[in-house]
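Dropping the structure in here first, questions after.
We just call them A, B, C and D in the order they show up, numbering each chain from 1.
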Amino acid sequence: MAEVRIGLVGAGWMGKAHTNAFVNAQLLFGSEFGKPVFEVVADVNMDLVKQASRQLGYARYTDNWKEVVADPNVDVVDIATPNAFHYEVAKAALEHDKHVYCEKPLTLSAEQSKELAELAKQKGVVNYVGYNNVMNPATAYIRELVASGKLGTIVRFSGTYDQDMLLDALLPITWRHINKYSGSGALGDLGSHLFSVSQVILGDIKRVNALSKIVIEKRQKQAGSSELVDVENDDLIVITAEYENGAIGTFGTSRIAAGRKNYLSYEIQGTLGSVYYSLESLNEVHVYFTSDESRDRGFRKVFLGPDHAGFSALNPASGIAIGFNDIKILEVNQLLSAITKGTDYVCDFNFGWKIDRTISAILMSAAEKRWVDVL
Amino acid sequence: MAEVRIGLVGAGWMGKAHTNAFVNAQLLFGSEFGKPVFEVVADVNMDLVKQASRQLGYARYTDNWKEVVADPNVDVVDIATPNAFHYEVAKAALEHDKHVYCEKPLTLSAEQSKELAELAKQKGVVNYVGYNNVMNPATAYIRELVASGKLGTIVRFSGTYDQDMLLDALLPITWRHINKYSGSGALGDLGSHLFSVSQVILGDIKRVNALSKIVIEKRQKQAGSSELVDVENDDLIVITAEYENGAIGTFGTSRIAAGRKNYLSYEIQGTLGSVYYSLESLNEVHVYFTSDESRDRGFRKVFLGPDHAGFSALNPASGIAIGFNDIKILEVNQLLSAITKGTDYVCDFNFGWKIDRTISAILMSAAEKRWVDVL
Amino acid sequence: MAEVRIGLVGAGWMGKAHTNAFVNAQLLFGSEFGKPVFEVVADVNMDLVKQASRQLGYARYTDNWKEVVADPNVDVVDIATPNAFHYEVAKAALEHDKHVYCEKPLTLSAEQSKELAELAKQKGVVNYVGYNNVMNPATAYIRELVASGKLGTIVRFSGTYDQDMLLDALLPITWRHINKYSGSGALGDLGSHLFSVSQVILGDIKRVNALSKIVIEKRQKQAGSSELVDVENDDLIVITAEYENGAIGTFGTSRIAAGRKNYLSYEIQGTLGSVYYSLESLNEVHVYFTSDESRDRGFRKVFLGPDHAGFSALNPASGIAIGFNDIKILEVNQLLSAITKGTDYVCDFNFGWKIDRTISAILMSAAEKRWVDVL
Amino acid sequence: MAEVRIGLVGAGWMGKAHTNAFVNAQLLFGSEFGKPVFEVVADVNMDLVKQASRQLGYARYTDNWKEVVADPNVDVVDIATPNAFHYEVAKAALEHDKHVYCEKPLTLSAEQSKELAELAKQKGVVNYVGYNNVMNPATAYIRELVASGKLGTIVRFSGTYDQDMLLDALLPITWRHINKYSGSGALGDLGSHLFSVSQVILGDIKRVNALSKIVIEKRQKQAGSSELVDVENDDLIVITAEYENGAIGTFGTSRIAAGRKNYLSYEIQGTLGSVYYSLESLNEVHVYFTSDESRDRGFRKVFLGPDHAGFSALNPASGIAIGFNDIKILEVNQLLSAITKGTDYVCDFNFGWKIDRTISAILMSAAEKRWVDVL
């Protein structure tokens, strides 16, 4: 039962969420692997990192992430910074032969992600991208429905990931609006989650066509400041696509979608059945089978439960709701299991690259207003 | 292909709805019976009846319902007056050997209804009470589910019929608030519909226990008048019950239920499955079978369609919505079919009596605050 | 109060539905215009037309539509044939100076529709295309929400019209699968409805990009026959678009969408609010206002009622469900009102052309796999 | 920042859930109070307690709860045994001047609970009953809606708590079926939760009337055994009630409700608005205000978010779902806050007694088939 020693880079929302997930994964799956050891946390914001280290229980803190990746007492480097820093930190961590757990999207470009995926493979370390929705028991269930053939040949995926967190035009600019920190707008931030789910269920995407829009063109530099700066990336983007397997895809994502809170929502239509799902109603999967008797046929509202992979570690019975943080626990369990026991996992850097190349092709399509192949 | 000659008493909302339903029943089922002939319409309001006769296409009009029941050219007397007049008009019509089509509830008391049911039987005429929800294809479907045993032994019926039409305390008094016209409040007006559905599916009720409440105690005599009069009957009533078959029932009904528009809503639980339904979403029945594979088990949202009795006359495919008026057409078709072809029907005066005796027992229970047997 | 004399061409589903709608429009709005007179019905199927004329109440019948358009006793030619015949019949009817009521889509091409629209204008007759969803009180309500600015600047329309009527691969070929009769597949049959709603709310579309798919490539020539013929047009198509007003649109339509029955479903997002709707739950509009107090903010499920244009003629109160046929009545009322009183209406041939040119551009885009301007 | 030392009695589902909640409460609210110290765990099942102590991180274990209540190193005794042992363990713990955290229902009778409540008061220790649904942010929100008067005068509460966990007749008997361990059936197990929510929102209940039913009368003694034993208590019970404030209540609860998984569902109707909620869709509260403009009025589907008390500690934004375990964390935070900082809390033993006396009255009513006052 090996201990796993963690070095965290980035002590914001996700840094905190990861740390809690490490603790809970050990609580729930503790017989399987040892206690997480919180070695060191880094954040450029010194005040924040000091306070975070105390509250989250890290032994040491620093404002220099390079100390973390070089620390001999660190087994896994956990990267929870804004997107732009993922590449640099992950690369350095890999070069120090660390396991790497990196938030999504992996990097800002298909090229960078490809490079990291290859380096990770060469190093033979665990390389995990935080696409937590892949670990949602709903996703596991839907994957099985599709893989088993119960829905027939899949002909269509339609999905959107909409939020309205950034709808208020008076909210000041954030790193998410500036390309050098984020790479893209709603697309990389939210859309990448949608692609992770879509691709884990249906496989790779072949060609894309996109239409992108900045709705709130300028924002305050800081709250209350009269200086305005440009929003550089998509508030809203819509995409049509062809999958390698011949299915048709439509995707959308918006960070300014009035009324939509966490609307990662999609429908998959096959020749024998369909399924739809929304993350806003996290515990409910709707599935339809043409094989049901005609009179009684309808979408079934299935509550997540012990029949769906991952659930039973969290709650003993269907209908007892799980939440966002529970899914992050399942993700960290996968990671810890891979580190301590060498088990398989889906969201490796190669998978991260497959999302990022979809995003890269979409950005090119939106810029050039034409179909672009995903390469 | 016999013509059916109609004499209507009461030219308000239902008078109009019935007339249109006669026309449409002939359009949809015309090959089965002849054109309805609109002989005569009566209403105490002379202006209204004059205008209605023209608009609805009645050959003659009168302000005296006695002319209608005595008219030798009338085959069926259609009673769409406030509840209090049903007894008198129906009795006279029966005595003239007319077929009778009477709006619900049949009368103001179990005794009156019993008397009418016996008289109708003796006369051998068609005697139909307008419990249109019985003819809802959803009800037909749910009856079949229950009767077939697919839901196992039924253990529980929970239902409510809530509206907020009379929530506004500034609305003046109506006949529905005065016992001599209506017999009771929400109970007879809305609750009777709920009982009609419940009893047609589960059979008779044995004992009841009720709790009743007048929320808006006084209302304006007329709109804008400063004179207030007492509201005499239940704005809201709740009931527990035992069915003859051993199932447990809970019922409620309110005419002041904020936000509820036409919420005739119920759930039936059996040992092998359940079903729930709301008239607000008229086309959607939700059914659950324990026999479904555990992983895929959930309430199925079944859209009404040609598999459900009555639907296919209205629309060719499931999901093409039917509405309130469509169901009244199905009711009138039953009536016409009974008159012209002697076919069976559920909502006869005996059935009307079975509802009214439930209501009578409930009123007694609410008054005496104890369990009362339905006799 | 002028009588309107009707000549119907095509006595299938819609022919019957129109006829019933004429009768009901007169019942509901009778004080406004005279009784419809059912002069003559034509259908190439002689057995069917004979029976239909009797059942629907037409004075005469024929298997030659030319008699109908030439009949001096006919005021309005009602065209309910498969799409391919709309152009020819409508043109002939216009040349005989008849009012024309034509089912959707108007014709098989933007050019034909443009020609008809111009001819109709020149003739000064009423020219109505049967896009009944435009007359849905839900559409009226949503139009008002958008037009009033309550939702702010509209940035996005996402919609799909999915059915599974033609999912069963064993169903034989129909006219809907053959381009010379239908012009396109799901696109013209279902998608045209979606565009009618979208364009009446948001205005014209500027550019489109489409991806189309035939899923069931061959079908039996007749039920049970071993001879297979090619399905010629889209079972499924998805489209991205830009509106003239700058909004982004995504559309889809499928006739093989497992589980979807009549899923004309869409969401409109604006900077101050959003609205979504599905025809499967015809009576429910969901609307969100950012101006609501933050704590209490959520999509409101609004039941159609007397506040929404068209409803009050059908039912007196919100929550009393209307259905598909009710909306067709509202359409025919518009038509009759235009004929007898010269009132305005939205769905004229020019509007029909605006849908058809969207469809033409989409077909070109799908064929050439590129963005195409709507001209 | 005082440490809190915990002695747990009962290492089943809830024992584990409590322990995890202690850890997480400290993670989320750690700056407010010290680390929980897991001193000792007791369970009559020696194998289980041994394993649990290791997995959950307790320093010591025992099969004798008396060691726990007497342990000088224990600050708070956490009781997660079957209901029947709550009284004895809690009493002993109080007598040792321990803080007590006891699962619901507090005891098997109003008398026992009253005694404990008085003893706790006298001792001046924290005395907390685990009615976690009271800490649900949804409950907090609804309480505020009612208390603020935004819904007007409350006239009606209708609720049910249904599950189907014990529907399968082949499941063997459990402690929940035997009165000496559980006191009652669905009523105490599930119904008590419903009353906790109802009473915290609407206040005390005055009179009750109940109807109770055992549906599966015998169960296997052990899985697979041919020996059958009697089920002693309600599978299903329904209740009508009057609140002290004049509102009418209806309640139901079933542990054999096919299709219902965790259906703690209720609706509250007031003269100015209504609200409804189901725990199966934990993050969604539906609220209706008559003050909304008539045209736009409808139930609003409000997602839990930072505006609702408790939420923001768990997730930063509305729509990011919380789950069952998150609510237990909020409960434990209340408890720890009360212990370390003396803050107020709702679910004290007096509150527990108020639920238990409702239950006692209900049991008497069901037995005697009459209205019973809650004393």
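Following the convention adopted for this analysis, a residue touches a chain if its C-beta (ideal position, glycine included) is under 8 Å from a C-beta of that chain, and two chains touch if they have at least 3 such contacts.
This one's a predicted model, so the numbers in the text were calculated from it and none came from an experiment.
Of all the chains, the one whose CA centre sits at the greatest distance from that of chain A is B. Here B-D and A-B are compared, and the pair linked by more C-beta contacts is B-D. In whole angstrom, the spacing between the mean C-alpha positions of chain A and chain D is 35.
Inter-chain spacing, taken between the CA centroids of chain B and chain D, is 41 Å.
Here the spacing of chain A and chain B, counted between their Cα centres, is 54 Å. Residues of chain C found to touch two or more other chains are 260, 297-299, 303. Chain A contributes residues 13, 19-20, 23-24, 27-28, 30-31, 55-56, 163, 165, 260-263, 279-284, 303, 305, 314-326 to its touches with chain D in the complex.
Those residues of chain A that touch chain C in the shared complex are 151-153, 155-156, 158, 160, 162, 164, 167, 169, 209-211, 213, 215, 235-236, 238-240, 242, 248, 250, 252, 254, 256-260, 269-274, 288, 290, 297-299, 369-371. Against chain A, in their complex, chain B makes its touches with residues 141, 285-287, 289, 292, 294-303, 307-308.
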